[in-house]
Amino acid sequence: MGTDVHELLGDEAESLLNHKAEAFPSDRLVLPGPDFIDRVFVSSDRPIAVLRNLQAMFGHGRLGGTGYLSILPVDQGIEHSAAASFSKNPAYFDPEAIVELALAADCSAVATTLGGLGIVARRYAHKIPFIVKLNHNELLTYPARPDQVPFGTVRQAVDLGAVAVGATIYFGSEESTRQLREVSEMFAEAHRAGLFTVLWCYLRNPAFSTPEADYDLSADLTGQANHLGVTIEADIVKQKQPVNNGGFTALKFGRTDPLVYDKLTTAHPIDLTRWQVVNCYAGRIALINSGGESKGASDLAQAVRTAVINKRAGGTGLIVGRKAFQRPMDDGVALINAVQDVFLDPTIQVA
Amino acid sequence: MGTDVHELLGDEAESLLNHKAEAFPSDRLVLPGPDFIDRVFVSSDRPIAVLRNLQAMFGHGRLGGTGYLSILPVDQGIEHSAAASFSKNPAYFDPEAIVELALAADCSAVATTLGGLGIVARRYAHKIPFIVKLNHNELLTYPARPDQVPFGTVRQAVDLGAVAVGATIYFGSEESTRQLREVSEMFAEAHRAGLFTVLWCYLRNPAFSTPEADYDLSADLTGQANHLGVTIEADIVKQKQPVNNGGFTALKFGRTDPLVYDKLTTAHPIDLTRWQVVNCYAGRIALINSGGESKGASDLAQAVRTAVINKRAGGTGLIVGRKAFQRPMDDGVALINAVQDVFLDPTIQVA
Amino acid sequence: MGTDVHELLGDEAESLLNHKAEAFPSDRLVLPGPDFIDRVFVSSDRPIAVLRNLQAMFGHGRLGGTGYLSILPVDQGIEHSAAASFSKNPAYFDPEAIVELALAADCSAVATTLGGLGIVARRYAHKIPFIVKLNHNELLTYPARPDQVPFGTVRQAVDLGAVAVGATIYFGSEESTRQLREVSEMFAEAHRAGLFTVLWCYLRNPAFSTPEADYDLSADLTGQANHLGVTIEADIVKQKQPVNNGGFTALKFGRTDPLVYDKLTTAHPIDLTRWQVVNCYAGRIALINSGGESKGASDLAQAVRTAVINKRAGGTGLIVGRKAFQRPMDDGVALINAVQDVFLDPTIQVA
Amino acid sequence: MGTDVHELLGDEAESLLNHKAEAFPSDRLVLPGPDFIDRVFVSSDRPIAVLRNLQAMFGHGRLGGTGYLSILPVDQGIEHSAAASFSKNPAYFDPEAIVELALAADCSAVATTLGGLGIVARRYAHKIPFIVKLNHNELLTYPARPDQVPFGTVRQAVDLGAVAVGATIYFGSEESTRQLREVSEMFAEAHRAGLFTVLWCYLRNPAFSTPEADYDLSADLTGQANHLGVTIEADIVKQKQPVNNGGFTALKFGRTDPLVYDKLTTAHPIDLTRWQVVNCYAGRIALINSGGESKGASDLAQAVRTAVINKRAGGTGLIVGRKAFQRPMDDGVALINAVQDVFLDPTIQVA
Amino acid sequence: MGTDVHELLGDEAESLLNHKAEAFPSDRLVLPGPDFIDRVFVSSDRPIAVLRNLQAMFGHGRLGGTGYLSILPVDQGIEHSAAASFSKNPAYFDPEAIVELALAADCSAVATTLGGLGIVARRYAHKIPFIVKLNHNELLTYPARPDQVPFGTVRQAVDLGAVAVGATIYFGSEESTRQLREVSEMFAEAHRAGLFTVLWCYLRNPAFSTPEADYDLSADLTGQANHLGVTIEADIVKQKQPVNNGGFTALKFGRTDPLVYDKLTTAHPIDLTRWQVVNCYAGRIALINSGGESKGASDLAQAVRTAVINKRAGGTGLIVGRKAFQRPMDDGVALINAVQDVFLDPTIQVA
């Protein structure tokens, strides 16, 4: 593996690679591993077909058999716009190119829209696990009205050969409880049909962005979003990596406990992300972090950093989209492979 | 049984242990007992499978066969936040620990969330009765909007092997009638599927808290909430123990009768709680009181006091959550066992 | 426990209590025990509700929690006639008396007909697990035509609160394959509805009774019947205890292997019964032996002998009907309790 | 009441009115009475609507509230032919007249065909309980082939406002097991739909009529037919009154017990009929006897005799058809009323 | 790879390894390969989920990704008897050992009975593809009546997490057309549910065994059986390897063409087997040959010979049961691995 993680991490290398997470020790967690399904899902209420589909993903691609995941997600064509998403590399206006990128990078799965997967499903669904993202926030309504709207159904996902459905909830928003009910029903139907469930478990409320900090990325608020997400039986929680803490106290709402800030977390990014893992039933539900937007040359270093933090915090991998598809395909593959290198690197362990 | 009830009750011991409830004598009530299902539910419209599931709970654990119940409830991870609930003993971020606590304390049942029970259902549903709390008030929406939202369905509860579903209604609130309809439909479906029903039968309206008193805890208002709850066929009513009376008259709304205050109740806590029992179809529907929040060292004495009042009033037991899980597991077990001791103590009888 | 097993076994005591089963050692078997469901059924395809119903039976009565079963079966009113079955103790013409006998003897479950359980279901289904025997061979058709006919459906068993359905197949007979299909479909429906399945796994063919021996009771033939029974997902196999071996070779049909007779079994009754256990997926499916017809004074000794053999062979208990109900109720209770004593006796272990 | 029972019984009066049934004493039976539904069906698996329909019949007409029944049955138009049945009083070719007869005689219910009830259902179903006889043996096929064929469905019975469905099984015949399955499924559907079930529980096999006796009317064989009938959840068993005993032994088939003949029955008609009651779950299922064919002038005495025997044996009433409708309506009413007089007569008690 | 194929083939090595199949050249066939699903099934009517399940098998185990298959089949416990099948290595009475053998030998899939897979499904269905053999010829009926009887349903196979169902048809027998209809319906349901289909495509008729030859193993008859099998949409045809030809002409039935014998086949075993491939839609449906019974020391050489012929003829692999499980597990693994070596050996190519 040619990725020089140490160099890419730069000044943070020491801190990120050697940090010992004593605020919430890893021995209290259920950690990723090749036997994760046996340790967790065999004991759960998920039907056997769900276990098989989870294993299909965990066994696929370059991270196959490690217990870690590398997923290519592309829903920005809806969430932002196709123009905004694909103009940097117009090949991806064709969804076949999206699937081909996931294959080229040897990802665990590809997660994209109903239409995008549907139009190439018969040629590819047996080559790489499909996750159908079923709801979206489309930006064409005027004026903009941030909301997640179902674009398809579980039955369509089943029919096109998917292993899972994905959905977003905007926790914190006015629409969150309606979305929660919609997604909960969708997930229940998916489980009965043998598909596992992936929750884009986001915070979204303008009030959460204050001059001091963007608490959409706060460890405590994202942690609680995760706790709500696993309660409706998400099997995989996708969450943005936290960059701060204390959202509850700064925004003066909800309930929390001083112990969170005094004892169970620190300001170290691994400890902040660990709090997200803790809130996924202490690791029983897999946490994957997202790569975030593409900023060009720094993307590789940024993605590797995110991967190191996720892995050492007890997470299960990354879902890297824009950083991968908003550049030439070879570069995208290289970036994804570098992220995978982190999860394959035996010298990088859970903190 | 090592619990020194007399000492724990302190100055109140005499009053609580020897009070004779003459305002509403117990011979007008259907009282708890080993044959409660035979005396009540055989004559009801509940399907036979509901009787079996009720008996599964009444026959389980340390209070098995007494007609009394000791339930471990954990839904504060949603209702408050996981951080606020579990930081004092972070083991409970893992729902397996919640079920293990209920087993260690030899409870009658464990009541928690869909996701929490689901992720360990196949290993535990045959070891201790599961009650799936299906709706919740999540505190992550901003600004806070107190409302109960369904997080799952009866069918999911059936599939994970539950004996019952639980739900909350905030009587008195603007959303109460919508909640009442939702929960009534949920309960009807649960009964048809063979599950019994537990109602968290709460009052919630800012106007109920006056400078004089918190009438959310008033005997007459909670009593009427109970009466509404049993009307939609709750099989178990969970209610906070009353601490005052006269909510209807103080708030000048609804309708009541002077006899309630002049003759049928007194200010004695056992008589106030008895009024709750009376409003549960004179005891045909089981009343369980909740333990309330954890305040540390006084919790044990407080829980035992609540138990004595509940038992002597004609109630069916306690549902003790935070006092039990917001401390080391051994202490939690000891606290729950002390509460059970009250219900096992033959010298403490219905007043 | 007052049962003097040693004395009741008489001359055979030494042989039955001290035999070491070296032909097929017990360490190759999955043996009964308090955690049987965890060791076997958690890994199976049975829904969680099936595990709960199995546990309801394994946890009930005097053998509750031991991993052994003591079941009262009464279907001879159909299989023979009510007159032939109940004249010795006419109280049992009333099915309530049958259920009361099972309760008095503290059995694990009562297995009888649809009508018999149905007419008292609402009063008793929550007091003792019900197994509805769904098909029968009625003897009123003239001339007699030995065949098993469904008298009811899985749905009726569900509605009356049963934990299981039972059915008979007459392996070896002309009708066996039709019965196998009927019962397989019934069992599949029962599992989906959350009920477990009990197979009366009989051999029946006039040709099997030769002047030399009644090969309906042959270890090899009954063993193969068991193997067919577990293939259609019986959860409990009820089989007559074998008294001989070599049915395949004597009758010159089917296929077998000389190793069965030369190495894997001996003529010892424990080894013959072990072969039945071996053929129940090496003990993964519970084998219960039947008590056989009532012969009066010798019944107690006979039942205890059957129990010792079953337990030491690796079986899961007895299902004793006629020996128990064709006498005064107190005597019947005593007989069943004596059988239970064998399974409770820590000095009697798997050979 | 003007019926001189003593005189009508003639020489048999002493024997029939004073017989003490010591072979099978009545204290072992569940006997008819005003609270029969409370004592039996409340404890059963029958839905509440079935209890209501049973009560509608038990509360209707001249025997209303006594626990006894007087039913007018007319299906001979199919079973024999309309010509054979109605030529003696052609008014009954019009089914309205049949219903009017039942009303005039103040019967508990009228039992006739789908078409007969259907054509007047809207005018009468609210005036007298309807029992729809759903299968029939029609005699127009050549050569005759005795078999019961469904002429209608439970749904049709529901739609025309019936309280019950009725059906015949010819036990002992080659077709009996097919009929048993058909009727069992019909009864299960009827119960789910809230209708109770009446079984014409007949024996029919040419071999049962020997030169010595017609064992179709044997106490032991009809008793066993009853036992099979209650097993498929008949709520009312209609059986011909027995005139002999020992069918099993004379025909050398099936299984019985010498105690039946030596101890539990005698040759006395009340004891023979009691054996039928015993085989109806010791009286938990109501036994009604039929009046048999019309023989003219002796019909009244014959019917009264049958009623006395039925009542004293522990039966629940008579179902008198041909004796009532094959004569002028007034005479028919008088005959039915005479039978009712027996059940109203406080001097005639269970033997 | 340590298998010395040349040595194991002995005298036949030259003939088998160098034969050029000119009678029916391979360029007229669709041949196995890593892209087999893309070349064949993408163009078919099979739903996408079927393609995924096929790929799950083709991608699994030691032959994963080669286009070849190595399947462990065990249904002889039913087809012969458990005793006859498992006495040589009694570990396999426990179905977990069967699945463990398939895992140890790194097979593509394991094919066994409903009950055998069901009892371990939740622990293993995500570890190795399951093929549920749904019908069987049980040998316990007396006298023997060779027929295939469904032991379970497609829905049960779906629920236990299978990738496929398997079934046998006895072509040539009296029951063949009934079996053909049953299996055709089963296969259609399987495809709709996303499972692929495996046909045990046997000839069976006593008349086919003549003093001259056993034409059950004739190339022309087995070829036609294959043609019938693919017509009902078998996705995999399992056939015994042919040892002769001319069944149609010798038995003087059916229709054939002299060209078959004169031009399109020779007596060479590869050409005979190629005829079977030709009759599987020219290779579009995969042909796997069975290993046949165990004969001890010669099994390895025999299995390797069968594999060489199958591969060079254009077949897709072997399904080796008895040769593998009727010996110590290590030896069984070694034998299966030797067969796999043939398919992995790049020097052995399609003739």
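When the chains are written out, they are named A, B, C, D and E in that same order, and each has its own residue count from 1.
The working rule: a contact is a pair of C-beta atoms (placed from the backbone, for glycine too) under 8 Å apart; a residue touches a chain by one contact, two chains touch by 3 or more.
Treat the numbers as computed from the prediction; the structure is a model and nothing was measured.
Asker: Treat touching chains as neighbours: how many steps, at the fewest, connect chain D to chain E?
Answerer: Contact-graph shortest path, chain D to chain E, evaluates to 2.
Asker: Over the chains that touch one another, what is the least number of steps taking chain B to chain E?
Answerer: 2
Asker: Counting a repeat as over half of the contact pairs in common, which of C-D, A-C or B-C repeats A-E?
Answerer: The A-E interface is reproduced by B-C.
Asker: Based on mean C-alpha positions, I'd like to know which chain lies farthest from chain D.
Answerer: Of all the other chains, the one whose centre lies farthest from chain D is A.
Asker: So how far apart, in whole Å, are chain A and chain B when each is placed at the average of its C-alpha atoms?
Answerer: 38
Asker: Using Cα averages as centroids, what's the distance between chain B and chain D in whole Å?
Answerer: Computed value for the inter-centroid distance: 52 Å.
Asker: Mind pulling the chain D residues that touch 2 or more other chains?
Answerer: Correct list: 42-43, 45.
Asker: Considering only which chains touch which, how would you classify the arrangement: line, ring, star, complete or other?
Answerer: Contact map by chain: other.
Asker: Taking all chains into account, which pairs touch?
Answerer: All chain pairs meeting the touch criterion are A-B, A-C, A-E, B-C, B-D, C-D, C-E.
Asker: Name, in rising order, each residue of chain C that touches chain A in their complex.
Answerer: Its residues touching chain A are 42-43, 45, 48.
Asker: If you look only at chain D, which of its residues touch chain C in the complex?
Answerer: By the definition above, chain D touches chain C via 24, 28, 30, 40, 42-46, 171-174, 176-177, 180-181, 184-185, 188, 192, 203, 205, 207-208, 220-221, 223-225, 227-228, 230-234, 248, 251, 253-257, 259-260, 263-264, 278-279, 281-285.
Asker: Quick check: in the complex, which residue numbers of chain A touch chain E?
Answerer: Interface residues on chain A, with respect to chain E: 37-38, 42, 47-49, 51-52, 54-56, 121-123, 125-127, 158-161.
Asker: Using the touch definition from the top, list the residues of chain E that touch chain C in their complex.
Answerer: Residues 77-78, 80-84, 87-88, 90-91, 93-96, 113-123, 136, 138-145, 147, 149-153, 155-156, 159-161.
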